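I've put the structures underneath this note.
Each of the next two complexes has chain A plus one more chain, namely chain B in the first and chain C in the second.
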Partner chain A sequence: MREIYLSGYNNFVLPFMLGMIFVLSWCIIGAIRVILQLPKEDRKRFFMSLVNPKIMLKNIRDWFCDCLFHVKLWKRNKLLGYMHSSIAFGWFMIIVIGHIEVFLYTPERVHQIWYPIFFRYFVAVTESTMKGSFFFFLMDFFLLVILSGITLAIIKRVRSRLFGMRRTTRASITDLIGLYALWSIFPLRLLAEGFTADISGGSFLTKSLNGVLHSFLSDHMNMLPTWWAYSIALGIFMCILPFSRYMHIPAEILLIPMRNAGIKVRHARKGFAKLQVYSCPSCGVCIDACPMGAVKANIKDTTVYLNRQIKRYNEKRIEEISDKCLLCGKCTALCPVGVEGDRMRIAQRSIRKYNLSPDYSNIDENMLLERCNKFVSSTNNDVSSTQNQKVLYFAGCMTALTPVISKSTQSVLQKAGIKFEMMDKDGGICCGRPMLMAGRKEQAEEMVAKNTAIIKASGADTLLLSCPICYKIFKEKYHLEGIEVIHHTEFFDRLINEGRLSIKGSDTRFVYHDPCELGRGCGVYEEPRRVIGRAGVLVEADKNGKESICCGGSLGSLTLSFERRKALTENALNNLTVASPDVIATACPLCRSTFNRYSDRPVKDIAEIIDEATRRKNR
Partner chain B sequence: MKEIVVIIGGGIAGLEAASQLLKLGYTPIIVEKSGQLGGHVAQWNRLFPDMTPAKDLVSDLIASSKDANIFLNAEISFINRLKDNYNVMLSNGISIISRYILFTTGFRLFEAQKKEEYGYGIYNQVITNADLEHWFNTGKDDRINGKEIKSIGFVHCVGSRDEKARNSQCSKVCCITAIKQAIEMKEKFPDAEIYCFYMDLRLFGKKFEDFYIKAQRDHGIHFIRGRVSEVSENIDGNVIVKAEDTLLGKPIKVTLNLLVLMSGMVCNPDSTRSASMLSLPIDSDGFLKSSDNVMHITSSPRNGIYYAGACTGPKTVPETLAEARSAVLEIHSRIIGQQK
Partner chain C sequence: MFGFRISPSSAINLDNVSRDRFSELCRIEPDALRCMACGSCSATCPAAEFSGMSVRKVLLYLQRGKEEEAFKIMNNCMLCGKCTMVCPRGINTRHLLLTICRIYEKEDRR
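== the complex of A and B ==
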């Protein structure tokens, strides 16, 4: 390769350089700000994680899998995955190979950062071309890959359903500018390189283009404007990037190591929350995921719009969106970059100022304590199996409103010969989860402290819950060392495996609804299915497991009225009944009563099903 | 030829309408899905406010309508509209052609087990107003017999004025029924403490207020303003009721030997089904929609179709009877008008 211009510079690189400097400084300042906004212990944790080889390896893997290959999107839809990874990985490869070319042929130009981008303009082929033809081919190949991705992107704008997306985000004006700039970069690059294909060399794409459009491309009067256009497109894209959804490209690079370091959203707007907002690619996967989408008017209340409004500091809309959400966590589970829609909303709620705050300090836990310390006198300390377990059963408020669950659970425990006591037989203190969901952390902590005291004093070694809402907070926020926290579905599964419950199956067809707090919330998917499978025939809903649809009754929403939840419940029921089950089984008292209101077939808790199945045997 | 009028439902509205139609010289045909006449009132023991035996009312009505054609155990298979007639096909294979159909399809009692927090069907000591009347009539109920009864609770508005139970309407009669039943129980168990948990007391009818005063003054029945939040069971099988006394502003808890749920009136799905065959409008509360709620409560928007009684919303017995007569009068004037 031989250089054509001694200076190695032309004015057309200016737009690109301007954009590049702008975006680089913006991102560096932004990254420093985010890191500085982290609480001290989080910041320390983040830096420590960067020297931990195990986490670093995971970071590298995630960078490749998420940022470049978009593995999560591939799993969702092949076409959607190809579209994203072709553009991201193709572009990445063009930049990498461009730099390799500069290193190999004109090492003295390495410090000129525009050089690899506009390499073909500045050089001409020599006899040693054959050495470079490999790179020429690669460059053209990846350019073709990107162009195929861009073509798909254009098709997606019109027919998103082909890509497995029913609804997509409505683009903002900056998003549109970014989008059109992005679309034009690569065709312009192809055209620009087409001019120089006969001078600087090229491969199947650029060479052939040069041949086909010879009359236009051989006129060098047209050359410089095309290179200018290419550079301007790059410049516009980079200048608009911080203000558009394309900010997710640099933001995700920082988000991945922070997430792997175990950093959580602590502040509504600063630090990790800010990073999540900027990492949102506005892809709209959360729109289809959201259970509120059953009513079209709710589409604007999905996570993607929350992020957009946070960027715009539109406090009124932020409040509306974050209060309306059911906190089912499905958007978080499906988000390809890992924006935590539910936690973000709780964080927004937590900065709300209230004039009145409930005070729970006057609740007398001593009275409850006395009633519960049943196991203290017991001397049996062997807890190796359920045989000698001392189980404390906390039914919770929701189960108190569906007494059949608590009654069935107690009946099953009796049949299995479990030594148990009710923690809230005669009233108890709320687990605190509803307050936590409302963003009122202090109130929740008051209840957590009181309940912890009661549980610890009871002398029990197992805390049994039949409500997943309680289960989640007992698992996550309570410090109950030495006490196992277990949901009744898991406990029943264990009792069956140990042979302490004998269950007679039937040919009743059950469909299992994964409650949000149990499935996505605590990752319990298998045990309930195993248990139901013993009592009857288990069929699956259309969307299940991680993609299960919230029943609509969730405590998470602060503003969704009763009437407006009806459509959500009916939508969830339609999803559950595709395999025409006889009974809808669930493991959450709230899901049970919500479904019961509109269901055309019986809705039962797992405890009821098991209680009936064990009774069958006895008869 | 004598004009035929098909009456769907053999409750008190249907019987009263039939007897009035007979007096006017028409041929009423009663279609009743169950095996007996009298509907819900036939299951009741005594009626407020004068403690009239329900049996007397029903047997009077049956006696005065005995000349009507009555099909028991018959349901409507389908109804279709001919030119100016309706063709009513019954489940027993009989087909009736008539120009007039009177809906007296009534209501259905709210299924108390749907309010799960009250524990009906789960706890043995929780019964409904209908169960209690059944016990008054027959004296047979394991939940009441053989048990020492020292305290009884009545829960008003079970499945009425309750959005979550999908019934926002007031059932009108439960307030006074609860007071009536509370007095009756006090008479049977003079030592028992009786509590009524209410939201509002809606005592609109003649002598209702006197009844309420009497219950408090003469019988010492406690009225607690506040909804029951939850019901649980203790080891003895008694029920523990938690509620809020909104007048005192304090939560309360009471142990009861018997809890009576005042199940409200909800729309009858059978009447909705028959109405849909004629594309009659259904109101937002699920009951049939009259063409006007003030002037034409017994008229439907379709020619020849009339309503009477609780099929258009909760009604008391006198209201139902009055509506039956009024519907008959409307049918009569229409027939006269057509003959001219």
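== the complex of A and C ==
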């Protein structure tokens, strides 16, 4: 390639350079601030993860899959995935190939940052670069890919349903400026390169544009303004980037290694939480995901708006949004970036100041222990009794309101010949999860400590739970070394597999509702389905598994009143009954009682279903 | 005398207690006035066993300005939410209790 201008500089690069320097310094300062705000052990952990080859490989894979290819969006909807990945990956490739071109043809210009961006303006094609047609072709190809993505983006603004999105985020003013700047960058680039295609060379796109619009494009009076426009569009985009949703582009690059290092949200606003807020691309996937969306008034209380309000320090709205949430975790499960809407909200709740704090030091553990350390062997002589295994059954507060679950579970344990004892037959201490959800971590930890002492002293080797709310905290926050924590659905599945329980199937059609805390919270999806499959015919809901819809009774929400939950429950019921099942099966006492209130067909816990199925056999 | 005695008055002396805080509570949580004292919350409360907790009693105490008594029984509330589930008036008791923790203060710290 031959250079046209000796200096390799023209004034039109200034807007671009201004934006570039601004955005780079902003991001570097921001990254340093986020890292400094991390607690000391987290910071150490983060730096250690950067030298761990296994984590580093995962980082690289995630950078490509999440930032460039948007694999999670592809899985949601092909068009949505193509739209995002074409722009992200196409732009990335144009930057990379642009740099390769400069490196190959004009190596002395490498240190001039603007050179790869405006390469075609500064050079003229010569015979020596016949091979350059390869790169020119690639450049035009990826430009076409981006332009197709932008066309889709424009269509999406009008018809988001084509992209599998019922509702989209309402853009803020800075988002709109960024959006229009982004949209104009690439058509302007095409136009600008079309001018110089006859001098600097081009490929199928730029050359043919030059040919078609020859009378306009060959007039070099029009050339400089177009390059200026291209540079200004880039400059505007980069200057607005830190204040718009496009901040997710640089923020996600840092979020991925931090997430892979295992860093959790510790402070409501600082460090990792801040990074998550800035990583939110405002894509609006969480809006359709949110079970509260059944009522239109709740749309503004989804995670994307929480992040926006945190950016604006709007304390009143932050409190409203974070207190209303059911903490079902669906937005976290579906978020293509990995913003943890539920954890973020608990963190917001945790910085609230209370004048009165409960204190549980007056509760006597020994008195509670006395009630639950006499493990009773099963009286069922049909199966060999398991003398060695001691199961401690913690039914949980919510099960106390639906005693049929704990009765059925005990009956099944009897039949399976299990030696067990109930931990909270006559009441006991709450597991602490509801308190934790309200953001009062210290109080929750006090309860955790009390319960841990009781469980350890009881001599049990298995802790059986009926309530997924308890199950989650027992798995995550309790340190019960040597004691297996298990939910009754998993336990029944095991008993059936071991042949300790023989059940007879029926032709009743069951639909299984995945409780939030059991499915998304603890990753138990298969066992309950297997168990139900033995007792009857399992049909599926419209949205299930990871996308199951919260029953609306969740303890996560602090402000949603009884009446306002009704619409959410009815929406969840409609989702469950698409395959017209006879019975709605669930594995959570809270879901059971919530559904039972409005359901037109029986709602049963898996324990009840299994108890009935074993009875059928004996009859 | 004659097997009768005079018991101390149980009337609330408004010279000694202030109802300001309760009014504030009712402003933030209008639900507080919907309670019909049925006692469903008392029957289900797991903390009742330890500190005699009952949302009904808490509201009654606060209404009468007997704040210390209310705080004493509230001390073991675990926020489990069973009272919310059973309340026939649909009162969001969990949020009510959290609000009480926020706006009331213990006497010695005031």
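Note that the second predicted complex is superposed on the first by the 606 of 619 C-alpha atoms of A that agree within 3 Å, B and C clash if a C-alpha of one lies under 4 Å from a C-alpha of the other, contacts with A are read in each partner's own complex, and residues count from 1 in each chain.
As a convention for this text, a contact is a pair of C-beta atoms (placed from the backbone, for glycine too) under 8 Å apart; a residue touches a chain by one contact, two chains touch by 3 or more.
Here the structure is a predicted model, which means the values were calculated and not measured.
In this superposed model built on chain A, chain B and chain C take up the same space, so to speak, and clash.
Of the two partner chains placed around the shared chain by superposition, neither chain B nor chain C is touched by A:N314. In the superposed pair of complexes, A:T452 makes contact with neither chain B nor chain C. Judged by the touch definition given at the top, the superposed model places A:E563 against both chain B and chain C. Of the two partner chains placed by superposition, chain B and chain C are both touched by A:G427. In the superposition on chain A, A:I363 makes contact with chain C only, not with chain B. When the two structures are aligned on the shared chain, A:N596 is found in touch with chain B, with no touch to chain C.
Counted by residues of chain A touched, the larger count belongs to C, out of chain B and chain C.
Once chain A of one complex is fitted onto chain A of the other, the partner contacts of A:L401 extend to both chain B and chain C. In the superposition on chain A, contact is made by A:N355 with chain C only, not with chain B. In the superposition on chain A, the residues of chain A touched by chain B in one structure and by chain C in the other are 400-401, 426-427, 562-563, 593.
Interface residues of chain C, counted against chain A in their complex, comprise 31, 44, 46, 49-51, 71, 74-82, 84-87, 90, 92, 94-95, 98, 100-106, 109. Within the complex formed with chain B, the residues of chain A that make contact are 400-404, 407, 425-427, 562-563, 593, 596-597.
Within the complex formed with chain C, the chain A residues making contact are 323, 352-360, 362-363, 397-398, 400-401, 424, 426-430, 432, 434-435, 438, 440, 443, 447, 553, 555, 558-563, 590, 593.
For chain B in complex with chain A, the residues that touch the partner chain are 114, 116-117, 119, 122-123, 163-166, 230-233, 240, 242, 253.
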